[in-house]
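Okay, so chain A shows up in both of these, paired with chain B first and chain C after.
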Partner chain A sequence: MRNFLGHSSRRLKAAIAFPLIGLALFLLSNRVDELRVYQGANVAVFVVAIISIILLTGYSGQISLGHGALMAVGAYAAVLSQIYWHLPVILTFFVAVLAAAGFGAILGSAAGRLTGPYLAGTTLALAVGLPSLANQFGFLGGEQGLNYDVGLPPAWLGADFTQYKWFFWISGLAALIITWLSFNLLGSHYGRNWRALRSNPTAAALMGIHVGRSKVLAFTVSSGLAGLAGALLAMTISLVTPSAFPTSLSFSIVTGAVLAGVTLLTGSIVGAVVLVAIPEITGALATHLGGSEKVTSNLPGLLTSVLLIVAVLLFPNGPQAIMKRTRKSSQ
Partner chain B sequence: MERLFNTILIGVSGGSIYSLMALALVLVWRSTRVVNFAQAGQAILSTYIGYEVITHTDNYWLAFPIALVAGALTGALIDILMVRTLMKRAHSGPVAGIAPVIATLGLLGLIRAIVGMIWGGDLRQFKLPVSNHGFTFGHNTIPFAPINLLIVVTTVVVMLIFSVIFQRTNLGLSLRASAYQPEIARLAGIRVDLTRTIGWAFAGAAGAVAGMLVTPTNYLSPNSLDLLLVSGFVAAVIGGLESLVGAAVGGLILGISLALVLEYISSSLAFPVAFVVLIAVLLVKPSGLIGAKRTRHA
Partner chain C sequence: MFERRRSKRTIFALATLAAGALAVTAIPAQAFNVHTTDGVTPTTIKLGITIPLTGSAAPGYNKIPAAMIAYFNYVNDNGGVNGRKIQLVVKDDAYLPTLAVAKTNELILKDKVFAVIGALGTANHIAVSKSVNLGRRGVPDLFLNTGFSGFADAKKYPTTFSLFPSYIMEAKIMGQYLKDKFPGKKLGLIYQADDFGTDALAGFKQAGTNFAVKVSYASGSQSAQTAAGWVSKLKTAGAEVVVMFGVTTASGAALATSAALGYKAQWILGSVGGDATTLKAVGVPAVVLTGAIGASFLPAPTDTSDPYVAFFQGINTKYNGGAVFDNNVLVGMNTAMMTVQALRAAGSNPTQKGLVAALESKGSTFASAGLAPLNYAKGVHVGYNGYWFGSYNSSGELKPVGGDYSVYTTDSGAGAIVKSTYVRPALPANGLPTN
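Let's turn to the complex of A and B:
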């Protein structure tokens, strides 16, 4: 009974907290300059992408190095549905989710039978190869890509409501909804199944959890979220090109998830802020140190990789595991 | 018929390089139970070092052993600096299983960034060590050129050296024992940590050879070996990820089937074909075509 009450009060808290956070963010977006608003939009995109990895890796224990490719699937699906079916923008986001989820379900049915290294290698192959396919089929627009236009902000928001702010509102709202849905999903029996599966697949199977089906479901949901993140990313650059989804994008979101502590949903915001902050930090560092173009263009990659290695070596289970340990030892 | 024969020859040459990359992955997998995605980075670093030697001395044959040693040293260094810590720290908790994979990924990014900082992102080209004009028989010139012969012969030599080391020497015995049962090998007096470092060094050397062989017919850039890493992985999976012979055979199977598809169907299908082969092998015979008959564990 206590459990039940605790559960429902958590839901209640979330139901109050999320609209408040949303309101605070939207008020904030009026206070800061354009660049920050644009970065805010990017943070929101990465929050969605990182949550897709957290669901997959942190909860169901599967790894994907190919979520950048799934983001590309979502982005291309969105832009194609806009070009050929003239769908309204909001529906193209749903198309992105469905297309990527469908692709993920196919991949996941293969992946559900794969463990660690095989899954990692298969998804890596996807990340390396899939975006380059766009160059081989004319209707995908090749290296120039396809324009993805979500339109101007509606007039009733006022004349000084900028395009970037509109991007921020859309992606911020998406990130909030996704976070809220994920909280509920992970609190449901699906979330419990995934956790059981991650800790001990054999025991989970004995408890009556269908291991294969649960894994495929996790992969499908995660892919759908990646697809949405892809469409949102395409929105912020108004373009869908193969070069927007390089292999390093897949690695970045895995890095973000590791930095977030792969089992902590709220950590996604930390991971996303770090990912967006890295280019800025290295940019500032580069102007300060005055290195050559070769050095400056590789600084972000260097910093991301070092962060990833340090994070995995020092706190393989996320920063919060360390905090828990210190709390325990201080008691 | 002649066209088929030529295509297979080209496939053998391409497949040899996949075999080498697969070998590098298998060596690390056996000793550490990690698919080393940083292998593409290690190989590219060694190849750039080889490139540097070539531009300074204009001698491919000098650059080759230097790149090989550089590859071996990098591999050993990575094991000592990173893998040892990883093995000690990341063995429990929800993400213990994937921590090593993520670490090698970070390493790949790190090496690539360092290579980019030193050499920049421009495409570079090797001077060919031997001709790339096909052999001529009478009036017929076939696509198979001296450079392809060099690739095949070098691969065969490398494979032979490794099989002699593994089957005929004490070092090979301890490498096999540590791969099979690290705990028992330790009890039998084998220094498992050291053996693993040697495994990484061998893998680094094999990757360097792959890089030095593929680059003359291609170009060099900080991520020019990414596709080779994927092909090497596919080849290793076809071979069962455990066996050296499997790596060799897997590479050849992939190389020949890719060459056939490119020649007879479409040249834009290379990646989809490799990917379909990978998925098919994983679904139909997940232990690999050559692999031991037992279920897979992470």
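Let's turn to the complex of A and C:
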């Protein structure tokens, strides 16, 4: 009984907290520089992408280095549904989720039989190969890409309401909803099944959890979220093109998830902020060092990789876990 | 007990959040955003450019920014524009639309440039126009390094001004040239599979050119391997005259590979991919280029009898470290000289709106090296509208066919192709505009 009450009060708190966070973000977006608003939109996109990795790796224990490709699937699905079916923008996001989830379900069925480095290798191959398919088929627009236009902000928001603020609103709202849904999903018996699976698949199977089905389900849900992140990413550049989904994107979001602490949903914001800050930091660094353009364009990748290594070595459970530990020891 | 502490903490956190949000609303918006004209101070004007400095399309085009900076520095050393020194912020987009959008965002939001000058690449700039939407922001977008006809739409792109004749114009004029000089020959075409190529096809269609074979390539895919595929298609179709309508690295791959495979044809290079020094740099032997035909709207960069070329070569020696003076350097310096005139025309307290208006009203009178007329007017945002044809000699110099520059002009529609009688304004004294 007490457990039940505790559970519902947790949901109640979440139900109050999420709208409040949304309100705070909304107010903030009216007050800061447009560059920060644009970066905020990118942070929101990465939050969704990182949550998709947290669900997959942090909970069901599967590794994916191919989520960049799943993002591409979502983005292409969204833009094609807009071009050929003339769907309203909001529906194209759902199409992105469904298409990527469908693709993920197929991939997950194969992936469910693989573990560790084999799974990583398979998904990596996907990240390398899939986006460049667009260059092979004319209707995918090649490197020039397809324009993905979410339209101007509605007129009632006023003439001062910039395009980037509109992007921020859309992606921020999406990120909040996804965080809230994932929060509930992971608190449900699915979340518990996945955690059991991750800790010990044999024990989980003995407890009556269908290992294969659970793994595929996790992969499917995670892929759907990645698809949404892809569509949102495409929105921020108004374009779907292979170069928007490079192999390094997959590594970036895995790095973001590790920095978030792969089991901590709320950590996703930390990871996302770091990912958006990296180009800014390297840009400043390159100006300071007076390096050439070649240095500037390669520095972000280097820093991301270094961060991943450092994070895995020093705080494998994320910086928040360290904070928790120091708090506990001080009590 | 533990539960109660937790819920207390949550309430405290929520309260802090709410208070924080309220505090943020209490700060006046101006505190965050002091708005002046972006990029202009009493002593400086900041401009920006995105261009491929790395990647598959970079060779050649990566020389343009340095050439622009060289001319700007010369002007700065002579007092600048109305006492303001010109700064050019250069960003590498690697010829990728995604990066072009990201880098233009940096120029507009972070560097807060007054105007974007000489942005390169059709696909890149279409993406930039959609996403960053320079028009809606009112940021001038001048002297694009692309001839995509779509940018001529001044309603859709109110602040965008092209410099090059459109690719439709180029293809039309080239089609007429093919008809005059190579009647009855089997024709081949290599073009880029995007809007750059679509324009070319539209122009050739307008001119009534029939190609026996058309080969398209995806942007960024050009290499010796892919070029072997192009050449085999041309060979199979028996093309005797081949039009190469692509970027320089693609022209280079096509020429070098066809030489290696022993395929001989009369090559006609579009203006985009016809710079001789770049072609040599990417491995095309001089002997292969000799006899090929090229098109340009500027004088040949090796023509030292041309006062503009001679002057820019001097600037190149003094301010550009004596870089190899080619068409890219010439384009860069010419663009810079036109930029200086546009800024002067915008008055002593330039605004972004004023700059656009000044180009519309006075842009057609600017001194420039171009041999075709500049057509800027209210609602007309395309600069040059004509080409002359030349033939590459054994040292890679483009020499006008028939001895002197005969420029043909046309429009992007069904208009006729006419021989131009335009005489360009003389080079301003010391190359310093006084407009």
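Here, the second predicted complex is superposed on the first by the 319 of 331 C-alpha atoms of A that agree within 3 Å, B and C clash if a C-alpha of one lies under 4 Å from a C-alpha of the other, contacts with A are read in each partner's own complex, and residues count from 1 in each chain.
Everything that follows uses one rule, which is that a residue touches a chain if its C-beta (ideal position, glycine included) is under 8 Å from a C-beta of that chain, and two chains touch if they have at least 3 such contacts.
Everything numeric in this text was worked out from a predicted model, so none of it was measured.
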| item | value |
| --- | --- |
| Three-chain arrangement built on chain A, chain B and chain C clash or fit | fit |
| First, second, both or neither for A:Asn147, with chain B first and chain C second | second |
| Geometry of the superposed three-chain model: angle at chain A (Cα centres of chain B and chain C, steps of 10 degrees) | 80 |
| First (chain B), second (chain C), both or neither touched by A:Ala24 | second |
| Winner by number of chain A residues touched, once chain B and chain C are compared | B |
| First (chain B), second (chain C), both or neither touched by A:Leu239 | second |
| First (chain B), second (chain C), both or neither touched by A:Tyr38 | second |
| Chain B versus chain C as contact partner of A:Ile16, first or second or both or neither | second |
| First, second, both or neither for A:Gly212, with chain B first and chain C second | neither |
| Partner chain(s) touched by A:Pro88 [first = chain B, second = chain C, both, neither] | neither |
| Overlay on shared chain A, then closest C-alpha pair between chain B and chain C (Å) | 6 |
| Common ground on chain A, meaning residues reached by chain C in one complex and by chain B in the other | 293-294, 297 |
| Parts of chain A lying in touch with chain B, wherever the complex brings them together | 57-58, 61, 63, 65, 110, 113-118, 120-122, 124-126, 128-130, 132-133, 136, 198-199, 247-248, 251, 254-255, 258, 262-263, 293-295, 297-299, 301-302, 304-309, 312-314, 316-318, 321 |
| Sites on chain A touched by chain C in the complex | 6, 9, 13, 16-17, 20-21, 23-24, 27-28, 30-35, 38, 135, 138, 142-145, 147, 149, 152, 163, 236-239, 241, 243-244, 283, 293-294, 296-297 |
| Chain B residues touching chain A - in the complex, by the definition given at the top | 29, 34-35, 37, 82, 85-86, 89-90, 93-99, 101-103, 105-110, 112-114, 116-121, 223, 226-227, 229-230, 233-234, 237, 241, 268, 271-272, 274-275, 278-279, 282-283, 286, 296-298 |
| Sites on chain C touched by chain A in the complex | 3, 7, 10, 14, 17-18, 20-21, 24-25, 27, 29, 32-33, 53-54, 90, 92, 94, 96-99, 101-102, 105-106, 109-110, 122-123, 126-127, 130-131, 133, 136, 193-195, 218-221 |
